[in-house]
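Two complexes come next, and they have one chain in common, chain A, joined by chain B in the first and chain C in the second.
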Partner chain A sequence: MQSFYLAWRYLAYHRLKTAILVTAVTLIVYLPVGLRVLVDQSSEQLTARADATPLLVGARGSPLELVLNSLYFGSDVPAQTRYAAVAEIRESGLALPIPLYTRFNARGYPIVGSSLEYLAFRELRVEQGRSLAMLGECLVGARVAAALGVGPGDYVISSPESVFDLAGVYPLRMRVAGVLGFSDSPDDDAIFVDLKTAWVIAGLGHGHQDLSQPEAVGQVLSREGNEVVANASVQQFNEVTEGNIDSFHFHGDLSDYPLTAVVVVPPDERASALLQGRYQSDEQAVQIVRPREVMDELLGTILTVQKFVVAGAVIVGGATLASVILVFLLSLRLRARERQTLFKIGGSRASVGLIMGSEILAVLIIGVVSAGVLTMLTSRFASAAIRALIGL
Partner chain B sequence: MRVQGCWAGVVLLGVACGGAEEAAPGSSAATVSAEDPSATVPVVYVVNYPLAYMAERVGNGRVQVEFPAPDDLDPAMWSPGPEIVTAFQAADLILLNGAGYAGWVSRVSLPEGKLVDTSAGFADRYLTVDEAVTHSHGPEGEHSHEATAFTTWLDPTLALEQARAVHAALVDHWPENRTAFDEGLEALEADLTALDAQQAQLTANAGEQPIMASHPVYQYLAGRYGLNLRSVHFEPGEMPDVAGWRQLADILSEHPAEWMLWEGEPQPGVRDRLREMGVESVVYDPAGNRPEEGDYLTVMGANAENLRTVFGSGT
Partner chain C sequence: MIQVEGLEFAYGEGDFRLRVPALNVPEGENTAFIGPSGSGKTTLLNLIAGISVPAAGSIRTHGVEVTGLSDSARRSFRISNVGLVFQEFELLEYLTVQDNILLPFRINPSLRLDREVRERAVELASQVGIQDKLSRNPHRLSQGERQRVAVCRALLPQPGLLLADEPTGNLDPLNKDRVLDILFQQVEATGTTLVAVTHDHELLPRFERVVDFKSFEAVPSPTGQDEDARTTGPSEASERLPSGRVARPDQDRGP
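The block that comes next holds the complex of A and B.
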């Protein structure tokens, strides 16, 4: 027991040296193991959401961009497709189409324009308030609600795309209808609106003063019969209220309105195959992708990189281990006089060996335990870390 | 009694990701059948009375039809609040008139998979409202609002097509009740065909006889029977303003109508003033809302009789 005590006192006295050795051992163990955990968890997380999303339809372009934007609301906004794609899929009777329009954000949180079916599809529950009902309302994800401190009845304002685009997209003040329950997914970090509300943010739909009323005379350029032509100073509403909601309208053919993607949910593999067959032609302006396949390709790249990183970590770990052994050996040589003293005061060879061995063992145990704790922390916070690292 | 159950409009989701029904934004509105408590009666929401009537006739007791618009408002101009929108969301099926009817539909969140546009099949035959005010403005370039005439059911042949669309939607959702739906449609087809024949006979001598309408809602009626009809914007319960009377006088100078169709009984003062201008008033109720007495067919029967008064023909 005395040997262990003396070993412990030695380590405690030489704190800096002990700390360096423990850190070295910790890193030797943690680097490859922690990296493995991180990669495994990221793979699991990425594939889980991709697995839960059977098919995606979007404009031709980068499939990875389409998948990352549609599943995680990150990445750049993919090329836009037309709302007509939704009607085509629905009319085919082969799948349930769920439109997505994820172009805008509010204070850095993505605004996801979709239909009510999206909430059911992702199994999202409204925890506070109610679901979307009226134009101009939004549902906020659990983390958005916590971060912005908003709840039912509060307001969220969409961010303009560019502060210099004075004639472009106007901010829309959206009433929070409800808060979604925590789902540990990118949906927690999103703000959901009806697709039509997203189109209002895009300026495709709007509400404004009644041009037939005398108050609007200053904005009217001409009146010819039943046609009124107004200038660009017509006051447009930046919030949908009970009093002005009836003035909101959309121009043109809705089937030409933009979407960033359509989540496609076929009932079975046969319907899925038939649907994919329809989009195989290169002449199609749209593409259909299996998110799982796209993510597998991405993960394949990540795993290749991981192999290099692990190999590097192993080499660095080996060199570090050699250094640690060298430190121990040199330390033992430097402590030759200390050992002689211990022998002279009656210490047996075994006791002295036990003291030195205990010191080395303690350093190794503390290093391995530290690596274990770090690995556990990595496992616990990998989900958030991955999203932060790759911006999803 | 409400029953929490599967969200019928998202059957596909149930297959693809089991358990989704628990997270649906609105539970099914299906109600328990009085005859068999173990069976549920699907709930169908509609946006106007003609569709409610069609759904009731075609549904033949196998569906519960809900038409929540207030009795005293025109459902075309009505806007429901969040509570009623939530009730619509919980329906098993939502029947829309289409043709721009019930503009509130474009300003609320409804599950797209449950929506059925009953006039989509004849969208190429939509008529426009000549008297509608259009406007253009905005930095995105000029655009205009061309209003589509939406009282499609006033042409009984189009009403028949809408009834068939209702039938198709019901069969698609509840194929087990197909026989009952087929019987309901067959009976309704017979009634609408008879109505069409009756009105065709009554308007057979209309020729180019000019007639007026108090409101621009009779485009499909005029289109079906070749009526020479023009409209003003008079409300049955209101005295038109000076500009309104002036507009009528201008139209009458080139369109010497002796009759004006009204959606409801005009005020006595309005009727008298029209009579002074040589125009008699007669009601042709579009039946957009549920009538106080009778049903769609009785209202249309009364309308047909009034057409007999206008055109003085038929037997």
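The block that comes next holds the complex of A and C.
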């Protein structure tokens, strides 16, 4: 015990040297172990979400982009498909189609335009307030509510895609209808709106003052049957209220309206196989993907990269370990006079050895414990870290 | 206290040899070893302390045959019975003054550190005037203060014998006197036997007896071999110098 006290005093007195040695040992242990934990946990999380999403239909293009956008609402917006895809799947009777339109965001959080079926599919429950009931309302994920400090009755405003986008996308002020319970998934970081609300944000649907009213006569340029042409002074609504909701309308054929993806939930493998067969033709404008297969491909790439990183870490760790051993040996040489003094005074061989050994032991223990703590932290934040790493 | 008989010692390398046919240091006596560098003064201290082991002969300290003990037993004997003071103080920089004084109780399980020992350490520090510096590290002390810490460390286990190797060699005149005063006060108060190596002849009057290694002279043996030399006092010591001659101290010096 006395020897450990002396070793501790030595380490405390040489703080900088101790800190450097501990850091080196920590890195030697942490780099390969932490990386392994990071990849393992992330793989688990990524595949779990992918496993829970049987099929995705989207426009032809990058399957990875389609999956990442649809499952994590991050990445770039994939090529858009038409709402007609939903009707086609529904008419086939082979699966439940759930539309997704995840193009916009509000204060950095993705706005997911979908249907209430999505909430049921992901088993998301409304913890505060109520579910979506009216155009222009939103449900916020648990982490969004905490980060923005919003709850039922508050408002969030969609962000324009670009400050220079003067023509199309105007910010929509959305009333928070409810807050979703924590699900430890990307849904916690999302804002959910009805698909039509998402289209309103896209500028495909809008509400404005009633041009049939006499007070709007000064803004009407021409009137031919049902077609009214007005000037730019017509007031457009940037919030849906009970007072103006009837003025909101959509132009054109809804089946041509955009979606980023359709989550497809077949009842069984047979239906799944039949559906996939329908989208095999290269001439089709849409593709169907199994998210698990796409994620496996991505993870394969990550694992390949991991092998290189681990190999690098092992080399760096080896060099660092050699340096640490050198420092310990030099330290022992520098302390030769101290050992001689302890011997002359009458220090027992075991005590003197323990004092010198305890220095090394303490550094190793502190280093390994630090690496353990770092690994635990990595494990705790692995999913967020990997999502940040792959740009989700 | 110290009885040396037929002592012979040589280092593994070189031609240095030390031979002491007889040396007696009575209990409670203050003895100075003087002589030129390399004449074996420190070697003899190390042999008496059991740090080095002679090739032949015996050393009895406190009635214990030190040369017959194992390495482990010699260490335990040394830490309990022999206090050592070095010219370079040999304090551990990473320990406070208090921890330096308590050091012997932390490096050998034959000494037990308890509250009484801690109180005695503070009392010793107080007696030598460093009680207000107990929490400092040695680098924040003057040379004189460092040697006082070293003296406290040597005395804390209450050894019967104090061996000091040029204890004032690194001190200015003022601190030299102060440290010597403390050293003599402490050994007198506790009845400790003091053997000190010194090059400073001004200090010799303060010792009860002086063994001068320089004044040895060669005495050929009847067989043609070198013969041990005898001191004129109660002690007997001789040294075989590197040249091979045997010298004899012609007289004791002392107060």
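The definition used in the following text is that the second predicted complex is superposed on the first by the 382 of 392 C-alpha atoms of A that agree within 3 Å, B and C clash if a C-alpha of one lies under 4 Å from a C-alpha of the other, contacts with A are read in each partner's own complex, and residues count from 1 in each chain.
Simple rule for what comes next: contacts are C-beta pairs under 8 Å (C-beta built on N, C-alpha and C of every residue); 3 or more make two chains touch, one makes a residue touch a chain.
Everything numeric here is computed off the predicted structure, so don't read it as measured data.
Look at A:Ser3: by the touch rule set out above, it reaches chain C but stays clear of chain B. Put chain B and chain C next to each other and count what each touches on chain A; the higher total goes to B.
In the superposition on chain A, contact of A:Leu329 is made with neither chain B nor chain C. In the superposition on chain A, A:Phe343 makes contact with chain C only, while chain B stays out of contact range. Of the two partner chains placed by superposition, only chain C is touched by A:Ser351; chain B is not. When the shared chain is aligned, chain C comes close enough to touch A:His14, but chain B does not. When the two structures are aligned on the shared chain, A:Ile157 is found in touch with neither chain B nor chain C. In the superposition on chain A, A:Phe250 contacts chain B only, with no contact to chain C. Taken together, the two complexes place no residue of chain A in contact with both chain B and chain C. Contact residues on chain C toward chain A in their complex (touch as defined above): 46, 49, 51, 71-72, 75-80, 82, 84, 86, 90, 92-95, 99, 103-110, 113, 137, 153.
Residue ranges of chain B in contact with chain A, taken from their complex: 7, 9-13, 15-17, 19-26, 79, 82, 85-86, 89, 103-104, 106-113, 130-140, 142-145. Residues 52, 54, 86, 90, 95-96, 115-117, 119-126, 130-135, 137, 167, 177, 194, 196, 203, 206, 208, 211-212, 219, 226-232, 234, 240, 245-246, 248-252, 265-268 of chain A are the ones touching chain B in the complex.
Every residue of chain A that touches chain C in the complex is listed here, in rising order: 2-3, 5-6, 9-10, 12-14, 337-338, 341-349, 351-352, 355.
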